[in-house]
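Both complexes shown next keep subunit A, but they swap its partner, so subunit B is in the first and subunit C is in the second.
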Partner chain A sequence: MIGRIYDMTVVGSGPAGLTAAIESSRLGCKRVAVIDENFVTGGQLFKQIHKFFGSKDHYAGIRGFRIGELLLKEVSDLGVETVTNAAIIGMFDAQADIKRLVTAGADRVGEILSKKVLVASGAMENTVSFPGWTLPGVMGVGAAQTMMNIYRVRPGQRVLVLGAGNVGLIVAYQMLQAGIEVVGVVEAMSRIGGYQVHADKIRRMGVPILLSHTVKEAIGKEYVEKVVVVELDENQKEVPRSEKPFDADALCLAVGLTPNTELTRLAGCKHIFNRELGGLVPLHSERMETTIDGIYVAGDVAGIEEASVAIDEGRLAGTSVAEDLGMISSESAAKTSKERWIRLCELRSESFGEPRKRAKISIVEEYWKVKGNQMGSKKRWFTEINTERAPSAKASRNAPSIKSNDNRKGPRAIIECYQEIPCNACETGCNFGAIKVGFPMTNLPDLDLDRCKGCGICVAKCPGLAIFVVDTSYSEKEATVSLPYEMLPVPEVGQEVEVLGKLGGFVCKGKVIRVVHTKDFDETRVVTISVPKECATEARFIRVAKRSGK
Partner chain B sequence: MNEGECQVVICRCEEVTEEEIREAIRKGARTFSEIKKITRAGMGICQGKSCQRLVNRILAEMTGRSVEQLGFDTPRPPLRPIKLAVFKGTD
Partner chain C sequence: MLGRFGDQNKVTIHLDGKEIEAYDGDSVAAALWGSDVKVFNHSLRFREPRGPACMIGLCNCCDMIVDGIPNVRTCIIPVRNGMKLSVQGKTK
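Now for the complex of A and B:
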């Protein structure tokens, strides 16, 4: 790397960094390098074994590690250089036209000269302290996920999770997939912070979610053997004598993330504290440029959000780099970036996204307060986009439900998606145009019963595993329920299974009558079971007995 | 706060307990940097990545200030712990 001057150096090879590198090289930037301190590129993508939310442009319905594979292939096709095992330990001449990054590898220190630097350094896990938190077995939920999904090692046999945000809920589900018993998910708030569909996935498997509770103490001689959980009152104070002991050999802390801003702070970029975005974040423009010209940010470092946001922010930053290097005109950059912002506003709409959207807008406004009029040629187009436009289509907000007058014969989809989350995988997945989400994608899905054939493709496509197909006319006394199934062992046709309800309770016995799996379903099997008619609205999961001798 | 809770280690790298942090605050430390200089919390191999938030929380609780008013550490190169031998191998 000696003597070369890079057009763009990307620090961090997660979704934001990779999409930024792809975008800028696609637009003509020649010497683009992606640097990562880990052994492999991809950031957190390769431990995400679940299907992502969002739209087609955000790879919705595709498992995270496959998105990683897709992005890495694009990166290599475009000739982007990737360097692993290299930590950026310093940045010098940050204000100059050519910036100097210092890298440290396993055995040497190197230097990278670059015209533009994109910091996509992601986030780090938060922790909480309580007696016993330093015992082996207490770990960040991200660590548990790495152990399971990268190294194929179970973090424990009986695990308690602290934190019912999306990360805690998703990893709890992945633990169940790995054959771990999840004894409970504990949440200090009085509500579930993550998506209800993620909570439903584990609740139907019988995992209790304890709201207004926290961990008081982890007990064990050499490692965790017991975790004491305590109830919290409305002032977040412990309720006396409300302690509940759980037998557990691991405790996973899913208590949030903090943007990893060391490098942008070292460089001298201005930062601001924003609770909604996870702490200290670098001020940045709508073009993702920080207060230092030529240094950009994207993804979690610029505020803790979803991977879909990181993907779009990376593209935004990549476009800005191409513009600032003269590869594309400001007009064409502004045109695509405006569209991306509108889509980011779409991702950041409704109850889950709105607070983040407001926070992000305040970051951009703060940036302009700092930069004032010294921007010269860089045009401020932010005020030209209507950030309020996105969450407006309230007309299509019909709660999906079984209509009581629905006496149609044959199978039909039941969509149990009741929160305005930014995802339309069901709409794009349906071959019959029976499901409509529309714009913005936070709209609740609307099912057109006349078009629904009950084929079950949406059952496999929904990343929230929230769609079922029910046929109440299967036989005189029996109905069929088709449900998504991502566990082992895979049930066999004819097998008798225990049928569980929405909260994991035993409902009835059922019989497997069909197991559908295609390459496109990607390990989400659609299992159809027959159950007594009266159980059809409750039957949502099956417990498959392990076969003896296998 | 019972005795057990005060024995809780806050900075794992330098093995600094909650009681030591509280004592530093009682003596007048008002920022993470000041607590770091008195107790070594945050001076270990992770450079405060896990304990800074925990220390700031105790600081906020004891001084009645919000976390955003407390200020943050100053990152300095090298941002990652590296062996001196690695510097010798400079290319």
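Now for the complex of A and C:
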């Protein structure tokens, strides 16, 4: 490592860092290194065992850890150097053409010289304090995820989750998959912060979501034994005598993330506080360059968003690095960057994304103010996007595809996706072109009943597990429901199962008539059950009894 | 979802003289938590129990004495056969 001058050094090997390294070396940068302080590369991708949202370009419908495997393979095919076990503890000559990074490994300190530095250092979990918050067993939800999905250790037998954002909801579901009893998800706001489809996944398994509640205290001698939850009124004040005790041996906090800006602050980049983006974030241009030339940011460090955004921001930064090193012309960089920004705007549209889109644009505008408006040609394409082509909140909205007057015979899909979330995995997954999402991908899916064959591929493809296939003409008295199933044990054909409703209540008994699983479904089994006709609209989950013996 | 588990080699680590079985590739903190060890150290001032909280080497709540060296973040070091650990800090 010593004596070489790298074209580009990437700090952090998560989705943003890896895609940036891939993009820049694909465009001709020769000496590219990815540095990570962990003993494995991939960042947090390897604990993400759920299927991702987004479009095909964002690896929609693929599980996070498989995306990690794909990216790492691409990185090694391109000859990008990866260095693990090395934390960056210093940056010198940040303003110079060649920057010096100081790395600290397990037993030695090293130096890396690099023309360009991309900081993709990600984010850190937030915590909240209450009596007992330091007890063993109170941990970040990401910590629980690491224990379960990397090391296969259960964080607890009975777990309470605080925070009903996407992270809290997704990890609560993963806990259920790991055989943990989730006693509840508690949320201080009066509404669920995350996607409804994620909430539905755990509600149909009987997990209560307590809105307008928070944790008052965690009780235990050596570790958590009991958690007291209290109701909040509309002013976020505790309601007297509304305490509810829960027996739990772990309490997982999903209360947001903060960007890891140590390195960009150390380098002297300008920062700004932005609530929407998780706190202090480095100012950056639409090309992801910070206020210091040659230092770039991408992913959560530039504002807390999602992995799909990090992937695109990484590519954007990689293109800018290649441009600044003279590997590609400004025109071709502007062309691809503009397309990426339009796609990012697509990811950041509608109620979940719009505030983040506005925040990001304000960051870029602030950057240009600091830079003294040397906009030139680079700024021009950015302005064009925001005035003309970015999908706005007024973009076409399709009605959800439930038509009560549908008397067609045979199986058909039912799509229970009612929020404008950026995902079109169902559209690309359907072999018959029966589902339409279109542009922007926050549109609600529209089902063309004439084309739907009820094959059930979309049931397995939907990362929100929000599609079901119902056949009301199965027999005289019975209907069939095909539902996605990602739990163990896998039901057997002919087995009798308990059928649960949308909120996890018992609906009826059902019989398994088919279990479909292909390599493409990647462990999401499509289980078809027969139920009494009147239960078909309610049946959404099955409880499979554990087989006696083993 | 994650495929088979349990094919890894087993290693033995020692916590204050007690033998604990772990799998190769585990982090020390995960191995201990999986064996129902919950208290990793006691806080300096109030001697309160502490255990892992972030699992990515940021919070220092899982610090232990590892092979005689104190303040080692056990969540980001892998287990090694024969490793000697002890709970750090006195109790009340």
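Methods note: the second predicted complex is superposed on the first by the 530 of 550 C-alpha atoms of A that agree within 3 Å, B and C clash if a C-alpha of one lies under 4 Å from a C-alpha of the other, contacts with A are read in each partner's own complex, and residues count from 1 in each chain.
To be clear about the criterion, contacts are C-beta pairs under 8 Å (C-beta built on N, C-alpha and C of every residue); 3 or more make two chains touch, one makes a residue touch a chain.
Since the structure is predicted, the reported quantities are computational estimates derived from the model, not experimental observations.
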State whether subunit B and subunit C clash or fit side by side on subunit A once the two structures are superposed. fit
Identify the partner contact of A:Arg275: answer first if only subunit B is touched, second if only subunit C is, both if each is, neither if none is. first
In the superposed arrangement, does A:Thr134 touch subunit B (first), subunit C (second), both or neither? both
Contact-wise, after the overlay, does A:Glu37 reach subunit B, subunit C, both or neither (first, second, both, neither)? both
Which of the two partners, first being subunit B and second being subunit C, lies in contact with A:Met124: first, second, both, or neither? both
Once both structures are overlaid, the C-alpha centre of subunit A sees subunit B and subunit C separated by an angle, to the nearest 10 degrees, of 50
Using the touch definition from the top, say if A:Val109 reaches subunit B (first), subunit C (second), both or neither. first
Look across subunit B and subunit C in the superposition and give the shortest C-alpha distance you find, in Å. 5
Footprint overlap on subunit A, where subunit B in one structure and subunit C in the other make contact: 37, 124, 127, 134
List of subunit B residues in touch with subunit A within their complex: 4-5, 7-10, 12, 18, 49-50, 53-54, 67-68, 72, 74-80, 82, 85-87, 89-91
Listed in rising order, subunit A residues that touch subunit C in their complex are 37-39, 49, 63, 65, 124-125, 127, 134-140, 142-143, 146-147, 149-155, 177, 222-223, 486, 523
Which residues of subunit A touch subunit B once you look at their complex with the stated criterion? 2, 37, 87-91, 102, 104-110, 124, 126-131, 133-134, 258, 262-263, 265-266, 273, 275, 279-280
Give every residue of subunit C touching subunit A within the complex, in rising order. 1-2, 5, 26-27, 30-31, 33-34, 38-40, 43, 48-58, 61, 75-76, 78
